[in-house]
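Down below are the structures I want you to see.
What follows is chain A paired twice: with chain B in the first complex and chain C in the second.
So, the complex of A and B:
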């Protein structure tokens, strides 16, 4: 029997086995996606975890020195603190603006489809392009300066590039759409009669919002907060382009360890700190009730 | 109390106008930077002066004649066109398994499918670099494609899984009752019906892949320069009027793909993903 025939026979009996055995079919269906993600996503993260405890490039003895270096001394605590502050600030801005936007689309707009398209299109546009668009506005002599001088708020061009403000606006700008969608979803899923009932019973719009609408959409709000806070905390493109070395965030420091300092174990330890922070954030989020809604995603 | 009542009354009377006004204001703020980029792509003077005094299409011609830009575009297309079909296949297998079978670890699989979205890109990017280094897989086209698959599977799965779950099972059962095998039923009944969702998932995967920067930045070699990596270099190390043109091209691509995806599955699927 030729090798080709033998091969075909094996393939055919394999195919028949799969056809007749439900578990084998399931194994293929689930096994392939699961093994791809385990091999190229989970194993890399485990490699990073292992590397973070190595004194130097492998082979090297185990150590906690990188974690000690991160949490003692000012340098990295300052960076982590700044990252956390920017994350909280940008999340607050995004949640307020996103809720206003979602509320107006859900309640006051007949052309909801067009407005939603206008919000999602920038979100589908390249992340770096959106950052570059802001550089055009922020740079010295840019659009912001031109307008400020025109209305008399400034005398000479200075720009706001490489500042905390620039990074903050940048983060809020890119993540606003991501929070708007879960807000909009929970607002449209909410029973509108409840608002009418509240008003019929004599509550004004503010009271109705605080007592009815906001509690009813709580899970959407938490989902939006987590969806924005996670990528903001791990940001690397935005602070690198808008903040430079003036506004170091932890994502940039990780990148520097790999691209410039070549201190991979230390960069891995920083990566682990970010990962643990994100896991805690998700834990708190799902504990507060956003479970199942945390599926969105963006570019950072 | 009366101040609050006055405020309540004011919002009661004008709330819808205030809401619409704020909506228009926020939309304007979102679109001004993009509008400026489009305007500047026609600026006669190049980048730094706003507003432009003369207009030209010269920069568009320069991009079309720039070998680096063209080669980066082709590299991006090659990566995305290899990664996207693999991503769709993986997502389809997972979606069918999740929708049609009960098994232990189903929740774990669904969590695994969304996890790459949740872990910050810079972390996964460096982790992949370490991992590829450890298994002696040298940086290049292959590592970039693998990274793009990991990056895009969650997006494709998030559209394709609800599509398969939403498809009426009775049609499949009818087909099986008439004697068709599961595979034949899938090819002849299930697949044609879920095709719009599959294509939309593929389009989203392609878009995410074509725009991918962070993973690529870490796992590429110098020969594998995708368009976003090229753009990053242009912005980081000195400005060039071509950046505006490339930005406009990215915008048009996003608009085109978005419209096709929305017309295939509806806006709700694309935006809200289940």
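So, the complex of A and C:
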């Protein structure tokens, strides 16, 4: 009897040991990244939120004046609106081009890895260098003008530099590779038999795309949209270099508040507006991904 | 009337000839299996009929209409895929109704036909389930319903039962036969599993290396295989090298190392083109089920001594592997009285014998084998 009891004791203490130490291991596993997140993400975010309600650089009394300033005058509403328009436009361009690109790689390319490598290659080139390349192309008397006039498509310089179009092309160019990857991943994850099955059941290529391919790759599309829309919304280098002061985006204004005007509280308030907007975007995105339906899923 | 006519169908992938001038016709309401080892081209034939592959040469006619160049969505055939290919983002009803939506069937009728079809496959009330909530067998039924509900001329099956466990597969075989009889739709079933093919089909087409070996009823293919390949692929066969020592028309006596057997209807026992001349070499084939163990209870049998190497149970029968002077023999018998290591006499009568061309020669391929 005592032998049986001892055996059970040993077993129990062994189990307890494993349980405790698994907890400890789990704690370490989650704890380290969690504390990094808290220290370098959550705390700065809270600081920014707090600062956005300060009248001046701390210490200063609390106020709502920055938010009132943002939402009452035309200036910042215009900037926010322009930022939103550019974000939506560039996201649409990137999604359409990126999806077509990813689709053709996934379906019709034998050496997909090499093509994907070529797509990601510009990412290894410095961002500023790529922007200066675009400036060279767009500027008055630049590559674009020269070629257009040479070919006879235009008689005079396009004046595309420092315009809405230049910023839009710049944003689409920069974020296209990033969106292609989630599209490609979701397309290759999809069982090719589903496309055959759809055609076998009488659906042509377009119907098959709308009823099967697009709904099946919905999550990849949403991931791509979120990946592009968020950095596009906050971008400040691209509009600064390609749009100058003609195409002010909210990222540029925030950067100015922190780096030039030293009005950190107002910059923080603008930052909060952007953050809330982006969080809303992600919220809508994950709601769509979880349950909502994208076009073409129903019975048409 | 033939619902499907395949003429000189050929498919090459680069240098590889996947399907080599295949000809056959399937009658309306038939259940035909295409049986062959992997790589024999059976799935390629199916995919050409469905329209997913373009033939290199030859024609495919469905009810007399040439559809060789038609895209898959313009053919009145539906396929049950090996992977089933059910749409995971749609419900059971939406999956089954997919083709009906495309052909413009109004919603009320659609709902009705889906419900009817679910009844046929015994899944009534499953309309709103998601695909991932279904068991493997239920998914098979949905895939079948999705194909049949469109009332196609032919339903094509690409080994959909291969992933099921034995018991469920056997059950689904019966279900397939029942549903085929109920609907009267022509079924064309591709498989490498002779057991499934023999269980379900009216006729079987045996394919080897892209070429047709035989197209016949299940019984004929088993009893009168048209080639050594068919004999070996459909059920097992033991082979003994021999030569003809006496020939009198089709009445011959075969000798193998002193063992003699008298075959009176040799012409009817020939599988390949076998020379029945005196002195000609032949291979004597015997099915494992034709073998008896123990002392022969009659005259004029072929018998050989051996030692039991192995034994295994297959339901009512015991499968013995016997080491003989001719190599390893397989015997299926209800006799369980032998054990590993026992010496035993293995024998078979003349009416269980097949005659093949001798082993050393490459088996001549039957000339198309297309039966009327």
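Criterion: the second predicted complex is superposed on the first by the 252 of 300 C-alpha atoms of A that agree within 3 Å, B and C clash if a C-alpha of one lies under 4 Å from a C-alpha of the other, contacts with A are read in each partner's own complex, and residues count from 1 in each chain.
Methods note: contacts are C-beta pairs under 8 Å (C-beta built on N, C-alpha and C of every residue); 3 or more make two chains touch, one makes a residue touch a chain.
All values derive from a computational prediction rather than experimental measurement.
**Student:** Do chain B and chain C fit side by side on chain A after the overlay, or clash?
**Tutor:** Result for chain B and chain C: fit.
**Student:** Could you say whether A:212 touches chain B, chain C, both of them, or neither, answering first, second, both or neither?
**Tutor:** In the superposition, A:212 contacts chain C only.
**Student:** Looking at the overlay, does A:204 come into contact with chain B only (first), chain C only (second), both, or neither?
**Tutor:** In the superposition, A:204 contacts both chain B and chain C.
**Student:** Mind working out whether A:130 is in touch with chain B, chain C, both or neither, as first, second, both or neither?
**Tutor:** In the superposed model, A:130 contacts chain B only, not chain C.
**Student:** For A:237, select first, second, both or neither according to whether it touches chain B, chain C, the two together, or no partner.
**Tutor:** first
**Student:** Taking the superposition as given, does A:141 touch the first partner, chain B, the second, chain C, both, or neither?
**Tutor:** In the superposition, A:141 touches chain B alone.
**Student:** When the two structures are overlaid on chain A, which partner does A:191 contact: first (chain B), second (chain C), both, or neither?
**Tutor:** The answer is second: A:191 touches chain C but not chain B.
**Student:** Looking at chain A, does chain B or chain C touch a larger number of its residues?
**Tutor:** Of chain B and chain C, the partner in contact with more residues of chain A is B.
**Student:** Across all Cα pairs of chain B and chain C, what is the smallest distance in the superposition, given in whole Å?
**Tutor:** Result, nearest C-alpha distance in the overlay: 8 Å.
**Student:** Determine where on chain A the residues touched by chain B overlap those touched by chain C, and list them.
**Tutor:** Residues 204, 207, 297, 299-300 of chain A touch both chain B and chain C.
**Student:** Which positions of chain B touch chain A when the two form their complex?
**Tutor:** The contact residues of chain B facing chain A are 4-5, 7-9, 11-12, 15-16, 19-20, 22-23, 26-27, 30-34, 36-37, 40, 48-51, 90-91, 93-94, 96-97, 101, 103, 105, 109, 112-124, 126-132, 134, 146-147, 149-150, 153-155, 157-158, 181-183, 207, 211, 213-214, 218, 228, 231-232, 235-236, 243, 246-247, 250-251, 254-255, 257-258, 262, 267, 270-274.
**Student:** For chain A, which residues are in contact with chain C within the complex?
**Tutor:** So the residues of chain A touching chain C come out as 191, 193-194, 196-204, 207, 211-212, 215-216, 218, 297, 299-300.
**Student:** So in the complex, which bits of chain C are touching chain A?
**Tutor:** Against chain A, the touching part of chain C is residues 50-52, 71-73, 77-79, 81-83, 85-89, 94, 97-99, 101-103, 107, 146, 150.
**Student:** Quick check: in the complex, which residue numbers of chain A touch chain B?
**Tutor:** Checking each residue of chain A against chain B gives 19, 22, 25-26, 28-30, 32-34, 36-38, 40-45, 47-48, 51, 58, 97, 100-101, 103-105, 107-109, 113, 115-122, 124-137, 139, 141-143, 146, 173, 176, 181-182, 184-185, 204-207, 230-231, 233-237, 240-241, 251, 254-255, 257-258, 264, 267-268, 271, 274-275, 278, 282, 294-297, 299-300.
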